[in-house]
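The following pair of complexes shares a single chain, chain A, combined with chain B in the former and chain C in the latter.
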Partner chain A sequence: MQGKTNHKLLEQLIPRLLKPRAGESRPPVIWLGTNTCAGDMLSLLNSLDPGYRSLLTDLIDFRYNYLLGTAEGDMATGILDETMAELPGEYILVVEGTIPTRSNGLYCVIGRRNGEPLTALQAVRELGASARYVVAAGTCAAFGGPYAAAPNPSDSKSVQAVLERRVINVPGCPVLPDWLMGTLAHLIRYGEPELDDLNRPKLFYGETIHNLCQRRHYFDNSIFAKKPGDPWCMYKIGCKGPVTFADCPYRQWNSEHLSWPVKANTPCIGCVSPEFPDGDMPFFEHLPDVKLPGIRTTADRIGTITGVITALGISGHMIGSIVTNRLPHTLKKGFSGNGMLQKLLKKLR
Partner chain B sequence: MKSLLSLLIKGKKLRHPWPTRLLHWSYAPAVLAGILSGFYITRPSRVHGFTNMDSARKTHFIAQYVLISSYLARVYYAYSAKNYREIIPDLKDIVRMPEFLKYQLFLTSKKPKFPKYNPGQKIVYTSFALLIPVQIVTGLGLYVTKRFQKPATLAGGLNPLRKLHYLASVSISALAAGHIYFALTDSLKKLKSIFTGYK
Partner chain C sequence: MKKIIVGPLTRANNSSSVEVTVEDKRVVDARCSGIFFRGFELILRGRDPRDASYLTERICGICSAAHGTAASFALEDAAGVRPPRNGNLLRNLILGADFLQSHIRHFYLYSLLDYVRGPNQRPFIPGYTKGYRLHGKVNEAMVEHYFQAVEISRLTHKLLTLLGGKAPHNHGLLAGGSTVSPAADILMDFGSKLRKIIDFIKNIMVPDTLTLAEAYPDYYEIGCRAPNLLEFGLFPRSEDDNERSFPGGVIIDGHPQKLDSSAIREHLKYSWFTGNSEPRHPSRGRTEPDREKEGAYSWAKAPRYGGKPMEGGPLARLWIRGDYRKGISTMDRIVARAMEAEMIGKSMEGWVEELQPGAPVFNAFNVPREAEGAGLTGAMRGPLGHWLRIEKGRIAHYEIITPTTWNFSPRDDTGQLGPVEEALIGTPIEDENEPVEIGRVVRAFDVCSSCSVHLIVPGTPVKETIIVP
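Coming up: the complex of A and B.
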C-alpha cells in the first residue's frame, strides 16, 4: 500500500523535476552509434517516468541520433559539424558501442564528410574534444564489452580508451533505461553525479547485486539452485552478483520494474563489469576459465588436477617409504631411538 | 617440573626459538581454516566441514585477520632475526638439489645432511612466503570490493581476481599437504621441535 502511495507521489514529482526551470534551455545531445547492436538505444526507448517523449520535450534537444534521426547523408553529418562549431562546450555526447581502431578506424564508418568516410574513431575524438559531457552508454562503449571480445579483429576499444578526457560510464548489456535517463537528468539538472573508481554513477552502481539481492538469505543459509529455473540462490550455478555493482535487484527491468535475471531464476552474468564477457565466462560457472598457451580449461579442473597430483605424490612417497623401511625406521627412532620416552617414564615414577 | 623440563631439553639443540613457534602456530591454523572455508565458499559442500555459507564466511574472515597479522609479524621477525637466510634457497641448495631428489625418489638410501632445512623445505617455505601475499591482496580485493575496484582491473577485474585467489589457494593447499606429510614422516625429533623448540 505504501509502495503504491510512493509510486503515485513519484508520478507527480517526476514531471515537475524534469520541467525546465525558467530561463533554462534543453541542452543539445548527440547520440552516436558506433560498433553496436543498438540494444542500448532500444532499451532507452522503453523508458517510463520519464518516457522518451518527455525526454525530447522536457529534458534534451536531440540534435543527432544514429537510429531515430530522419536526416541522412551530408545532411546528417552536417549536423555534427554544425553542433561542434556553434555549440562547443554545451552539447552532451552519448556514444553507444565500441570504437574500432584498426586501419585508422575504418571498421566503423558512421557517414561521409566531403566525400570521405567519417569513421567512428574520428567522430568520437572530434566531438568528444569539445563536448560538455561525454557519456558511454552500455558496456561496449564503457569498457569494450562483447564488441571488443576476443579475438577482437577490429581492435575495438572503449570510448575512454580513445579520449583524453573523463568519460562517464553507464554500462549494462543493455543499459537499464533508468540508469541512462537518470544520468542524463542528473547531468542536466545537477551536474556530474558522484562517480565510482570506474567512472560509473554511484547512484546506480554503488553496491553489489549480491548485497541487494532478495535471495541473499538463501545464500547465507546455503540454499542453492542446482539448475536455472530453481527458485533459490543462483551462486552455485555461476551468479556473478557478488562481484557485480548494479542496483538491478531493487530497480528491476525494464521501466515497469517487473523483474530481473535472478527473479527470473537465472544467474546474473555481470554485464556491467569491465571484464564482461571475456573475463567472466563461462556464465554458468563460478570461476572464469583458465587460459594458458594453447589450453583453455576450467579453474575447477586445475584444482582437481592439482589435488590428484598432490594425493598421488604423497601416497606414492609414503608407499616408497614403507617399502624401503624408511618410515618404520623413522617412527622407531623417534619413539625409542634415544630412550627419551623411557627416561621420562622413569622420572615420573 | 623443572627437572622434567631439563630432562627434555638437556643437551638438545634449539631449533625453533619461541617467536618462530608462536607465529607458526598462529598462521598454521589460520591457513588450514582459510583453505577449508575458502573451498566451501568456492564450491559449497558439507565435505569441507561447514553447514552454511554464513559460518564459512565468518571463519574465512577471522582466519584472514589472523593470517595477515601473523604473516606480517613473521616477515618482521625474519628480517630482524635475519633467519630469512635459512629459508630462501641459495646456490648451495641448487647444487645439492640432485642429491636431495635422489634420496626422495628412492634412488639412494643415503640420507643427505643439510644445515637446518633441505632444498625442498626451502622451496616450500619460500613459496608460502610468496603465495600468501598474493592471497592477502586478492582476498582483500574480494573482501572490500568497493575500495579495490580500480586496483582489481590490474588483474582484469573482480572475476579474474576471484580466479587468481582460487589458483593461489590451490597451490598453497598442495604445498601445505606436502609440508604436513613430510613433517609427520621425515623426523619425529624435528617434528617435536616445532612444539618444544628443541631437537
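Coming up: the complex of A and C.
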C-alpha cells in the first residue's frame, strides 16, 4: 500500500538527507511560536533519527527557536530582523500555532521591537514575505485548530489565511515528528514535496486512517467497541478515521512506531483535519454534534457546517461505499480544491 | 532607577513578559504579565463533558496529562463514577511519565542555559556573555547531558505513547479510567524504558543540580519568599481516592494546615477583567474582559488562598510532605524538582508491579443531565483545578486555575504581589544590559504561559491598547 511504501522510503532517505549536498550549507530555519501549546516543538524533540542534535549540526541552521533558543528579550527578537535583512529568500519559516487577528493581532505578542509589541500576525507576515518556504507545523498553524474553535475568542486564523504566498501544511495535534522532519528533509534536498489540494504533503496525508487501520476487518465484520478500552473497531464510539487523512496506523507514534490512538483502544478524533475540533466533536459520539446548544452564535456555523459534512462523510461511507470503496475517493475530492468542504471553509474563514 | 523588560522570556513553555525596576543594582519592583489569549473556558461551553479531557490537554504541550487528569477527576466527581483499580494505576503512570518528561525538559532545555554556556552554535548563540561560572570539562559535561536529556525525554513520551496512544495529548486519560489493558509485553517495554529514565535522573540529573548548587550557592539566598505554599494532592493511592501519594496541603507562613478548597478566591483588581466586586470562588468565577481597566496589567487573574499568594510546584509538594524543608529560594526550587522526579520514578515502578493483567481498566458511566464537579490534582508546576457544571448534559460552566496562574499572578485586591513578583524583589542585577538573574529566578518556578488560559468574551470590544509583551 501507498502508505507503507512511503514509510519505508522515508526511513531510507533520512540518513542520506542528513548531509546537505557538497557545497551547500545548512539552510537557516526560523521556528516561530505563536498562539500555541508548544506541543509541536516538543513533539519534534521526540524524533529518533535524526535526533535533535543531528538536526542542529547536520540538517539545519536553527537560527531562531522560541522554545529552546538561548537568547531572550530584545536579543531574541533581534535575530528575526537580522535574518530577514541578511538572508532574504534563503530561510525556511516554520510557524507553530494559530495567528490571532483580533485587535490587530494583539492577542498574541511574541516580543518587542523598538519598545513596541511585535504581534505574531505582524511577524508571520514580515517573515513569511521573504522566506524560501513557509511551513505550518501542527493543526493550529495549518488550519486553526482548538484555539480557533467556536466561538474563536481570539479570531485566530491559519498561517495560510494571513499570507499571500503558498504555505506547506503539516497538520497534527501535535504533528508527528516524522511528518515534520520528512517535510523539512524533502524541502532541503529535493524542494517542495507533492502536495494535495490543502497543501499537505501527499507522502503523509494521502490516505484515510480508516483505510490503513489494523482494525478495518472488525469494521467490515461489524465487530464494534462499546466503550473506550474495548479492543475492536472504534467506529461506533466516535472514531473519525473514515474522514481523517493521515498514516498513523502504519507509522504510529512517536518515532519508535509504538502505538496510536486506536491501538490504545480509543477513537481517532481527527486531529489532523481542517475542521478539528469543531467538526469532530463530540469525540465519543458516532455522529458529530450538529445540534450545538444556542450558547454560540455566528461562529457556530463553522462547527455546524463542517460537522454536517463530517457526518455526511461518515454515514455516507457507512451506507453506500464499504464494498466499492468509492466514498473515500469522493471524500478526498471533497477535501480538495473543487470540493464542497473547501469552498465552505473558504467562505467561513 | 531603571526599568528592565524581559519580553519574550524564552525557554519557558511559551513566552511571557517580566518587567522589573532596578535601583542600586537590586530589583525593587516587579510585574509579571501574561500575554496569551485563547479562551478555553469559553470554547468548552456547550460541549459534551466527556470531550473536556482530550480538549483541555491542548492547553499545554508540556503538561497535557495534568489537564487530562484534572478534567477526568472533575467529570468523575460530577457523574459519581470511580475508575477500576487498574484504571487509577494506569492514569497515575501516564501522568507520572509526563511529570518525568516535563521535569527533565524543564531542567535541561529551559533552565540550564541560564547557568551553563551552550555549544558555540545556533540556537545556543547569541546569548548573554557574562555570569557563567562553570568552565572547561564541567561545562562540557553539562552540555553533553543536555543532549542526553533530549534522548531520555523522548523515552518519557514513549511511556505515554505505550499507555495513551500518542504524546503529547495522549488518549489514555478519561473519566472512568484508562484504555490500554496492561499485558505483560507492554509492561516489560514500559518497565525497561522507565528504568533507563530513572537511572538518568539518579545518576546524571540529580548530581547536575547539585553541581549547579555548588557553583551558584548565592541562589539559595535569591528568589526567596515567605513559606506560603499550596498543593491539591497528586496521584490517588487507590481508586477510592482517599489518599494521595503527594498529599494536598497548605503552608501558611510556615505553618502546615489542612487543605480547604473553599478558601480559594480569584481577585481581579490588577487583571484585565471587569468587576471590582468581592473576589469569587472559581466555581462561580467570571471571565469578562476590560482591557481599559485602570491599573490592571495582566490577563492572569490573581488567585489567593485565605487571602494569601500561594506558591505551587515540586518544592511546595516536598515541603508539605516533609521531604524537603531547607528553604524557599531559586536553588531550592531547582533541587526539589530533580528530587521529585526521582521519587516519582520510584513510585511508578511500584504501580507497574500493582497492575493486574486482564482486570478491567475502564468503568462505563452515564453523563449526568445536571451536576457539578471539581477536579483537583497536583500538576508539574503546582496545583491545578478544573471546575465543571453540567446542564442538560452539556458543559454550562468550566473554570480552570492553573499552577502558573498561582505562581505568575499579578497583585491582588489588597496590593499583595504574586509569588514570582515577591521572589524577584531584592534580586541583585550585576549588569542591566545582561540581566541573566531575572530569568534564573523566574524559570525556577517553571512558568508556563501556555497555561494562562483565561480569556476574553467574544463580542466584547477590546480597545486597541498596547499589551506589554
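Methods note: the second predicted complex is superposed on the first by the 276 of 349 C-alpha atoms of A that agree within 3 Å, B and C clash if a C-alpha of one lies under 4 Å from a C-alpha of the other, contacts with A are read in each partner's own complex, and residues count from 1 in each chain.
Here, a residue touches a chain if its C-beta (ideal position, glycine included) is under 8 Å from a C-beta of that chain, and two chains touch if they have at least 3 such contacts.
Quantities reported herein were computed from a predicted structural model and do not represent experimental measurements.
**Q** Check whether A:270 is in contact with chain B, with chain C, with both or with neither, and answer first, second, both or neither.
**A** After superposition on chain A, A:270 lies in contact with chain B alone.
**Q** Just checking: does A:221 make contact with chain B only, chain C only, both, or neither of them? Give me first, second, both or neither.
**A** A:221 contacts chain B only, not chain C.
**Q** Would you check which partner chain A:118 touches, where first means chain B only, second means chain C only, and both and neither mean what they say?
**A** In the superposed model, A:118 contacts chain C only, not chain B.
**Q** Scan A:285 for contacts with chain B and chain C and give back first, second, both or neither.
**A** Once the two structures are laid over each other on A, A:285 reaches chain C alone.
**Q** In the superposed model, which partner reaches more residues of chain A, chain B or chain C?
**A** C
**Q** If you stack the two complexes on chain A, which partner ends up touching A:154: first (chain B), second (chain C), both, or neither?
**A** A:154 contacts chain C only, not chain B.
**Q** Quick one: classify A:198 as touching chain B (first), chain C (second), both or neither.
**A** Touch status of A:198: first partner only.
**Q** One more residue to check, A:129. First (chain B), second (chain C), both or neither?
**A** Touch partners of A:129: none, neither chain B nor chain C.
**Q** In the superposed arrangement, does A:243 touch chain B (first), chain C (second), both or neither?
**A** first
**Q** Both chain B and chain C touch chain A; at which residues?
**A** Dual-contact residues (chain A): 299.
**Q** Please give the residue numbers of chain A that touch chain B in the complex, ascending.
**A** Chain A reaches chain B through residues 196-198, 206, 208, 219-222, 224, 235-236, 240, 242-245, 270, 273-275, 279-280, 286-288, 290, 299-300, 302-303, 306-307, 309-311, 313-314, 317-318, 320-321, 324, 327, 330-331, 333-335, 338, 340, 343-344, 347-348.
**Q** Using the touch definition from the top, list the residues of chain C that touch chain A in their complex.
**A** 5-11, 13-15, 17, 35-39, 42-43, 45-48, 50-51, 54-55, 58-62, 64, 105, 109, 113, 118, 121-127, 147, 150-151, 153-154, 157-158, 161-172, 174, 176-181, 189, 360-362, 364, 392, 394, 439, 450, 455-459, 462-469
**Q** In their shared complex, at which residues does chain B touch chain A?
**A** Listed in rising order, the residues of chain B that touch chain A are 3-4, 7-8, 42-44, 51-54, 104, 106, 109, 142, 145-146, 149-150, 153, 156-163, 166-167, 170-171, 173-174, 177-178, 181, 185-189, 191.
**Q** Which residues of chain A touch chain C in their complex?
**A** Chain A residues touching chain C: 33, 35-43, 45-48, 51-53, 56-57, 61-73, 75-77, 79, 100, 102-104, 106-112, 116-118, 145-147, 149-154, 156, 173-174, 226-229, 231, 253-256, 258-266, 269, 271, 277, 281-285, 289, 292-293, 295-297, 299.
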